[in-house]
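Two complexes, one shared chain (subunit A), two partners (subunit B, subunit C).
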Partner chain A sequence: MSFDAKMHVADGAATLRLVGELDRRSAPRLNELIVQAAARQVNRLVLLMDELRYMSSAGLRCLVFAHQKMPRGVEIVLIGTRPEVAETIRLTGFDRSITMEDSVETG
Partner chain B sequence: MSGMHVRPMLERIDAYPNQWISGFGVRAGRPLPFGATIVPGGINFSVYSNNATAMTLVLFRRGESRPMAEIPFPPAFRIGGVFAMTVFGLDAETIEYGYRAYGPYDPAEGHHFDPGRILADPYAKLIGGREEWGAARTAPDAEVYRSGVAGDDFDWESDRPLNLPAEDLVIYELHVRGFTKDPSSGVTAPGTFAGLVEKIPYLRELGVNCVELMPVFEFDECDNARSDPTTGRPLYNYWGYNPLGFFAPKASYASTGRHGMQVDEFKSLVKHLHLAGIEVVLDVVFNHTGEGNERGRTVSFRGLDNSTYYMLTPEGYHYNFSGTGNTLNCNHPVVRGFILDCLRYWATEFHIDGFRFDLAAVLGRAPDGSLLSNPPLLESLAHDPVLRDCKLIAEAWDAAGLYQVGAFPDYCRWAEWNGRYRDSIRRFLKGDLGMVGELATRMAGSADLYLRRGPAASINFVTAHDGFTLRDLVSYNDKHNENNGEDNKDGDNANNSWNCGHEGPSDDPEVSALRDRQVRNALLILLTSHGVPMLVAGDEMGRTQRGNNNAYCHDGPLSWIDWSLVDKNADLLRFARCAIALRRSHRALRRDRHVAETPPEGLFPALSWHGVHAWMPDWASYSRLLAAMFYADDDGRHDCVYVAANAYWEGQTLELPALPDGLAWHLFADTAAAAPHDVHEPGREPPLADQARAHVGPRGVLVLVAHPVPTKS
Partner chain C sequence: MIACRLRLHANGEVSRPIADFVGALSRKAELTPRQSYRLRLAVDEIATNVALHGYTGAYGVVDLEGGIDDERVWVRIEDDAPAFDPRTHDPGPRLAAPPARREAGGLGLYLALRNVDAFTYDRVGGRNRNTLVILRTLPDGDTGD
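Take a look at the complex of A and B:
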């Protein structure tokens, strides 16, 4: 069980790369980064998901936490989410406040 | 973990263990609330047993068969009959738990303690171990249901229960699995809460504004020893009226149940239904549990405190008012509290809009089975502060012959499944004599039964999950339950059904046409009657169970919705949709008070009766024709609906009540006409050429509405 998250802020967008498994143990780490991103007043929060293997119930709640923490109008985009994780997000209805995109745009 | 505290707070001094047992830090817990509750630093476990001498908490890592720890409750952690302990350092997401209860094994005294069993928590919010529907039980964990801890935070956005006026409801009863399990449903998560979300557009288009979900509490679908004698395949307990976990949404009804996310998935379903303007009523079973009689299985209640939870004879046997082997002791103060806690949980945590109580007459019985005149449970539910806006609907009978339709202890609060309505409409439709007066009483909201409570206390239905489908009601004289494995002895014999001349499927065009007409007749009467109409999922598209009137045990095409019927019976579906729309566009059909209690509103009485001659109903015992005219002054608009029901085998010409200048009769529905002329979209009905007379077909129903005279311009 491992989790790693790195944040990069540029051009008004906070980009977080999530690696490993997001569960009750690792969720606080992600929430902490989300608080930091909110403090930087970005207008876009991008989660790079292609290396996230698993998202638990507590992990899903990070998405809601992000939605509630970021100022209104900030777009939350999940990119490259693995099918199993994307399915879980959709079936439990946590996709209502986020945008899912297939892959990282080049350039 | 040395986490960075953004905002230092003064921490509670009891957020730390003060003892160590079995390697876990613990301290005396809080006795309330019962169940497993996440608290700072750990989880608080509280379980009640009046007769246990000792209790052990058994902890598992999720998915593992052997316990990771067993923690006996120290004697000092017991207050009264409650064992309470806070255990620190547990990850609520990855543990499961159960209890071993110690005490006497003395069935004659009602005690069934056996510390060899690991028992489920009656308050478990999640139940693990049965995430896959129908999976074979695996020894040695055959009887082990794992309790789990659910997060109660959920992003409800601005959702809240809809609180629709009861008289405006059109209820649609459905089975979560059966609704979308068939491949023809085309959903991505068949047979689940998420699958149902994908069908919300269908429900919206149909026009229903309330779904009543057959049991969704955790139950054991494999709890059926019989097999289908014709195929040899095992039978199920498919309907789910055998609850094992009253606080836990059924894991296998969630596509994410394998991840323990059934709570989230179910909440998401409720939120989406509410967004579509559809209320959610749960069919709840508090009259018994799935533990069977004294020889049945022990999952939770029997092992924790048999003599508290169950009604027992003086010899220690189970009373069987439910017909399933045991009866929950629901007027015992502790059990009453359990039921209240449970319903409050569903109302607050899941935003549930109402409850339908299975075999609710049981809920009025005392611990010895005798009938209470003022049952504390029913009174508590009626006046509960949290449940105030929830619909409460009683199935006002039980399996021991107690029949309380119209006489349920209601506290001016309870509605009832109106069994009299069902029986009377069926008998009128099949042409029984002497039914015209009865038809009038039922269409008028059964004032003989519900005058004090108002018509919305009458849940009107012609069919329910229990019994024939609407299509089968007009296709079979007798039940055909051979596949249930009980020699056709199960299921109701009093169906008041008529096969229209041939038992079962028929190619005879006359038989088919008559069946189509009878189905439409039933829909029109149901959807124009005062009271609250309830439809069964599939009846709007002609679903059949091939004459089986007790399909509780079939998990397959017999009990699943076949979505190809949407196209195959598109005419019927359109008819049903229009009939629902008619109801929703006419306030005259949706009274909140009986007409006897309604002051005159102008043009006509709120409800008047007619026959071959206007204003002259024929109440004779040989009469099979009755016309009702519903009227309301709807903000200055004359709202007027005329419904003529003819159960005679010949058509009849009717003199119509005269409308004032400026208004004209328009044809909404004529079940004797071939589709698409059998029904018209509300608001787009064609005017009648002859305003003085209309023809109602043989065994037909005619519905007219008054609209302003069309102006030729």
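Take a look at the complex of A and C:
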């Protein structure tokens, strides 16, 4: 089970591309990057989700962590989330505090 | 029927063997990708909860059995942890709190119960038995994509 995440910071946004499967084992890697993003004084945290194939509740804990670590007022945006992963996010109400956009092009 | 035994260690890592187990069962049952995803997520969350809270991170065994009949696919998860019925877990307070002010955790069992078509819990021979069911027939209008 593989997971990879890379961060790119530009124009006031920290963009993280998530690839693979986000579960209890891989969640600490994402949390590390969230901490790094929080230190960069950005105003948007963008997660590119189109290559994230699986997300358990460990991924939801990462979203809580992101809310807690990012300074107040930083917008959290998820782009291109696959339907099954999006269903988990909506089912647990995280779409109330996160902007979900369909594709990289429209984002 | 297919079966496997997970021997859990302190890190509670169960996702990989569960993905393989549910993947094999799903292929045999010809579940749609969405049905297979829902079943995997539910089994993963129940087993992870057993590892972290049932066995509190200590060594323990979780037995998985899976079966297929005309109408449904089922997975039975058994463990030797203290008695616990996942249906007694109330996610209400966490769901009601704004996501930004939530405690981390506590939503895995909710996800498990919401992603299956039927769920039963029994205490049998001193073991917890959780049975998760996915119906093979799709509701009208659901293409399974």
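Just so it is clear, the second predicted complex is superposed on the first by the 105 of 107 C-alpha atoms of A that agree within 3 Å, B and C clash if a C-alpha of one lies under 4 Å from a C-alpha of the other, contacts with A are read in each partner's own complex, and residues count from 1 in each chain.
Here is the rule we use: a residue touches a chain if its C-beta (ideal position, glycine included) is under 8 Å from a C-beta of that chain, and two chains touch if they have at least 3 such contacts.
Not measured: the values here are computed from a predicted model.
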| item | value |
| --- | --- |
| Subunit B versus subunit C as contact partner of A:40, first or second or both or neither | neither |
| First (subunit B), second (subunit C), both or neither touched by A:32 | first |
| Which of subunit B and subunit C A:98 touches, first, second, both or neither | second |
| Partner chain(s) touched by A:8 [first = subunit B, second = subunit C, both, neither] | neither |
| Which superposed partner A:21 touches (first subunit B, second subunit C, both, neither) | second |
| Touching both subunit B and subunit C, residues of subunit A | 23-25, 56-57, 60-61, 64, 67-68, 88, 91-94, 96-97 |
| Contact set on subunit B toward subunit A in their complex | 3-4, 6, 91-94, 151, 153, 155, 157, 189, 192, 194, 197, 254-256, 259-261, 264-265, 267-269, 271-272 |
| Subunit B-facing residues of subunit A, complex | 23-25, 28, 32, 35, 56-58, 60-61, 64, 67-68, 87-88, 90-94, 96-97 |
| Complex contacts: residues of subunit A adjacent to subunit C | 1, 21, 23-25, 54, 56-57, 60-61, 63-65, 67-68, 83-84, 88, 91-94, 96-98 |
| Residue ranges of subunit C in contact with subunit A within the complex | 11-13, 15-16, 19, 33-34, 37-38, 40-41, 44-45, 48, 95, 98-105, 107-108, 110-111, 114, 145 |
